[in-house]
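Presented below are the structures under discussion, each in the form of structure tokens.
You will see two complexes here that share chain A, one where it goes with chain B and one where it goes with chain C.
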Partner chain A sequence: MGAEKIVRAAAGPVIAISVAVSLGGILLLIIGFNPFRTYYELFSLGMGTYLGVTESLKRMAPLLIMSAGLIIAFRSGIWNIGGNGQFLIGAVLAGGIAPLLMDRLPLFLFFAVLGCAGFIGGAAWVTIPAVLKAKYEINEIIVTLMMDFIAIYLTAYLVRYPLNAQPGLFPQTVLIPIEKRLPNIPLTEVHIGLIVGLIAVVFAHYLIKITTLGYEIRFSGESRKAALYAGVNIRKVVVIAMLLSGGFAGLAGANDVMGIKGAFQAEWNPGYAYSVIPLVFLSRLNGIAVIPLAYFFSFLSIGGEFMSRAAEVPVFFVQVIEALMLIFFGVSEQIRKRGGFSWGS
Partner chain B sequence: MRQDSETAVGMRGIKKSFDGLSANNNIDFDLKRGEIHALLGENGAGKTTLMNILSGMYHPDEGEIFVKGKKVKIGSPHESLQLGIGMVYQHLTLVPTLTVLENILLGTNRKFLLPGKDAEGKVREISEKFGIEVDPKAEVWQLSAGEQERVEILKLFYRGSDVLILDEPTSVLTPVEVEGFFSVLKRMAEAGKSVIFITHKIEEAISVCRRVTVLRNGEKCGEVDLGDIDMGREALRLKERVVKMMFGETPPAKAVKQKPRKVSERTILTFDCVTAKNDRGVPALKDVSFSVIEGEVFGIAGVDGNGQKELAEVVSGQRKVDSGRIFLVDTDITNMPVRFNNDMGIFYVTDDRIEEGSVANFTVAENAIFRCYRDEPFARRKILLNMEQIKSYSEELIESYSIKAPGADTPVKTLSGGNIQKLVLAREFSQKAALLVCNKPTHGLDEMTVRYIRERIRRQSDRGVSVLLISSDLDELQEVCGRIGVLYRGEMIKILPGEGAAVGQIGRLMMGIID
Partner chain C sequence: MGILRLLFSEPFFVVLLGGTLTASTPIILAAAGEDFVESGGVLNLGLEGMLLLGSFCAFIAALLTENIYLGLLAGMAAGVIVGLVFGYLVISLKVNQIVAGLGIEIFVVGLTSLLHRVLFGNTFPVVSEITSKTAVPFFSSLPYVSSIFNQHLVTYISWALLPIAWWVLYRTNFGLNVRAVGENPAAADAHGVNVYRTRYIALIFEGVLAGLGGAFLSICDLAFFVFHMTQGRGFIAIAIVMLAKRNPANLFYWAFLFGICHSLTFGLQILGLDVPREFILMLPYVAVIVLLCFLARNTRLPGAFCTPYERE
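Let's look at the complex of A and B:
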């Protein structure tokens, strides 16, 4: 891809981000904050400190892993918006299995088995909507979303009763000791989940781009009618795409348990899916473009958390910015499609 | 022609083209007051385009429009309504959860409160005057298609339209409803309203209209006055004349007529009493039996919607049959999936090249490999796509089928309809085929491309590939086919030799008249 092409492709998201940030500034002004000072805090804490950068890079891991799955699902025309539920199921499964294995397996095998458990958990959780969609054409948006609530309460039950490490204390699974968590990337304090995330999105990118399955996925997403005409087995594609997206969400859950939390805790629901959905759309479902955007989103949420402590700006302010970005991106895409604006030549 | 007060609408020299493809070429059209005027032609003949110009949806490239003798410019559907011209579209546009009255008022009421009683009285008055029986308080979802159509008409009358354009109004109606609908039309005409009745069904046009204008390939082929003709023998002859106008005269013997071909007697495709339903679950094919031999071009004639699409789809594997068997040589391919049929050598050129035959956002290369993306050399071990091979293959197709595309990486959405059709054809014709199903392969294309495609079909048959050619263009069928089967309401009512068949005879058979 030529440099000019990249610039043109990046123009939409960049403009959307700038407009969202400016409008966010006006909002800050309205609720009585100094926008310049607030943004200064946001950027200096999020990007200008060692801690901010490290935490942002750690946060990237689950976002990238989930993006990999959602890119595949959205490309196939499937709206799996139940990533949060799949994340929780993967996390609780990893957290539940960890104490059984951590003393019996060599470390790398331990990570691999837990990762697989997370993946399988997430994939299993999406099996119901996948089969309902493939077999009976039942709307996957509603089913995946509703399955989120079931996942929240199911994991809450699991962590309070069967998997609870110390009944009576704060409900959580047995804590994985620090030395048995995901190791850091050499010379950094960022655990290797980031590498897993990068591999995942690159895998998704090339799966879509250069494999026959990827061709079938894009085919089903672009035109069901034409795919049927060409003899593509759409049901198979739908099921595979959904299982992959659920699996990656589950893997993200296992990643956070193994890398950050060390256990599955009650009331824990980071809701990454709500960031990942706008994120993958901003990247135009491109697995490579997702990487810088994932960093930006991680920075926003980490910087937002830090800023809320420093400047007392509510945490959800960054969510407002995320939402605004998506809206303006939608607008800029529409303008681009109609050719009403031309960026450069 | 002078524009007297008796003329409700006049259109002069209307020209309209889309992306260089002419949809209307120099068309004149007149509508008198109190007249029901049929606009007749095959799909794609330009009927709807012409009427969309009159209703303000499109702007003509050239030409003039007169309404009640005055020259007008119609900028939008709203302006057209103001001039008293209203159009009822093929797909009804009522809100199902609202009542009839609410639907009629929709968009007309500028006040805060709904007009209530007055409006209801006015609607009842109109419906009594024209014999349009509908309960204004009924909710639209409860109404049959026929009743909904009446509501659409009422809506236009309520807004003061006196020229009504009805686009294929009978396509959604049952035969009984059609009868009732025609009597409403006649009453409207008697009351001084003018109606333009767009249709491709000759019988309907003749039974209800006073004049018929025939369009073909975007041009006006003639106008027939039916005013003072009593039905009977006269009507039959007239019908033949209209059929000829619609489908073209038999051309004088062409220099290169069919070459005598070595005909093997091997049967390639066999239909044995095949019955199948259409998408709405209504039987579309009834007990169809025929066979196609090796290297033969077998034509399927019929007016659109008589089972041709379903016939093509049961062969390609896209549609299940209810009963009967289909064989390719000796293999039973009944209800086998598309991919199996592809492997057997059956390939299908769909009539819907834009939605079904291609993917707009895919590149030419991606569109070229629909049938072969899993096979060597395009895929390594069925998993990885081999981009270089795919690219060079599609460049070959572009070259050998002279597709006008900048390159293999061009998105198909930027190509013209004719070039997309060539691409679809190139793709299907480049496979190892035993049988090619072509559904209206030349429909809506310019003359050059049409000739080119027919030549390609002939070449395939010379190579021993059998072709099932579905077409509503009788010239085409005569020119290319060895035999022609006529489908009428899902039944194969007759199989004729292509050579001797007269257009008139086929045309009559297409209307279900067996002589």
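Let's look at the complex of A and C:
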């Protein structure tokens, strides 16, 4: 890809981010914060300290893993927006299975099994919307979202009763001891989830770019009718894209349990899908471009969390500007129009 | 059997029916608005945001003025603003409707939580001493059905609205225009229907109704605002429009059914049924999926559904 092409592709997202950040500044001004100081603090807490950078790199793992799935789904024209629920199911499965295998398996196998459990859990959670969409054309946006709420209650039940390691206290699964969590990448304090995330998006990128399945995914995303006439098995593509996106979301859940939390805790719902949806759109559903953007979004979310802990601007501010980025990216795409791919509707 | 007897015992039945009607009100309002918008060929996933901003603004206005009607008005105004912003994005700028809708939903969830936290910290103030409950004389003292006649003003309005909405959509010129614009905007345009204006009006109408529905939630049904208090009701309303096949006359049953599930979540807990409360709480969402699964297969959508109109 030529440099000029990259610059042109990056213009939209950069404009969208700038507009969102400026509007966010105006909002800050209205609610009584100094926007320059707030952004300075956000920046210095999220990017200016060792802790901020390490935490941001750790946060990249779930964002990248979920991005991989959403890129595949959105490319195929499927709107799986229930990533939060799939994440929770993957996380609760990993947290629930961990104590059974912790002392029986060698570590690398332990991680692999838990990761698979998370992936399968997330994929299983999305089978209902996938089948309803493929067989009966029932809108997957509604169904995946309803499944989100069901997942919240189901995991709340599981962690309160069958998987609760400490009845009477705050409900959570058995804590995985530190030495049995995901190891760090050598010379850093960032666990290897980041590498899993990078592999996941690169996998998604090349799956879409060079495989036959990827061709079918792109084809059905761009024009369902044309794909149908060309003999693409749309139902198969829908189901595979859905299962992969759900699976990756579940894997992200397992990743956070194995790498950060060490257990599934009640009332834990990080809502990454709300960040990942803007994130993958800003990357133009490109598995490589998503990497630097994921770092940017991780820094925003970590900086935002640190900032709210210092009892200043509430953490929701980050969600507001991420949503604005999504909206203004949509606007900038429309303005430059006729540039590249369609999202399929 | 004991449970059933308890379920249909007079006091419990009254509470359950009252709760059902109250819970279905915001859904009826939001779904009626979405019905028009979807008939006009636009899918508004920002409906959840409309409801939520309506809830928030109504709550703030009611807290400041201690007047419920000003609160309801503020809710409607908020809904209209969301409708206009969404309309500008998808009708004028022709942004992908799903992207714009999701963007608005995420934005409003974040914004209302942010503002509530900035204004009130971790406290949740209550608007008290104001109520819009209207008891119909005589009827509200009948056994079993008394709660039908002891509802909030907004609930009565929502019931009156449905036949009117049906009449407007299927028996007036405006309704015909809306449906024409949804089915074949180019043909409608050729016949002198202003596609953009018709879609904007549908969205404004939806804003009024969804804003009112949101306001109902925070200042009539409850008396406070909590983060993301709409809990997916906007999406449930969209699902109900699908179930009703975009006919306002059918909206009531499905909204009522949702209301039953919702009020059962409280009812069954009061009954002390030996089921973990999480399973009861997921009931409305499970019901929506099951119903869609049986009744919304291969639903016919308006011809120009979800596509912006480009004038030649």
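Quick note on the criterion: the second predicted complex is superposed on the first by the 335 of 345 C-alpha atoms of A that agree within 3 Å, B and C clash if a C-alpha of one lies under 4 Å from a C-alpha of the other, contacts with A are read in each partner's own complex, and residues count from 1 in each chain.
The rule we apply is simple: a contact is a pair of C-beta atoms (placed from the backbone, for glycine too) under 8 Å apart; a residue touches a chain by one contact, two chains touch by 3 or more.
All values derive from a computational prediction rather than experimental measurement.
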item	value
Joint occupancy of chain A by chain B and chain C, clash or fit	clash
Touching partner for A:F170 - first (chain B), second (chain C), both, neither	neither
First (chain B), second (chain C), both or neither touched by A:I128	second
Contacts of A:T212 with chain B and chain C, given as first, second, both or neither	first
Dominant contact partner of chain A by residue count, chain C or chain B	C
Contacts of A:F36 with chain B and chain C, given as first, second, both or neither	neither
Touched partner set for A:I277, first chain B, second chain C, both or neither	second
Chain B versus chain C as contact partner of A:S223, first or second or both or neither	first
Stretch of chain B penetrating chain C in the combined three-chain arrangement, among 39-47, 93-101, 219-227 or 381-389	93-101
Common interface residues of chain A - those touching chain B in one complex and chain C in the other	none
Residue ranges of chain A touching chain B (in the complex, touch as defined)	210-215, 218-219, 222-223, 225-226, 228-231, 233
Residues on chain C engaged by chain A in the complex (per definition of touch)	45, 89, 93-100, 102-104, 106-107, 109-111, 113-115, 117-118, 231-232, 235-236, 238-239, 242, 276, 278-279, 281-282, 285-286, 288-289, 292-293, 296-299, 306-307
Interfacial residue positions of chain B with respect to chain A in the complex	316-318, 337-339, 341-342, 348, 350, 352, 355-362, 366, 369-371, 373-374, 379, 382-385, 387
Contact set on chain A toward chain C in their complex	27, 31-32, 79, 81, 128, 132, 136-139, 141-143, 145-150, 153-154, 156-157, 160-161, 274, 277-278, 281, 314, 316-320, 322-324, 326-327, 329-331, 333-335, 343, 345
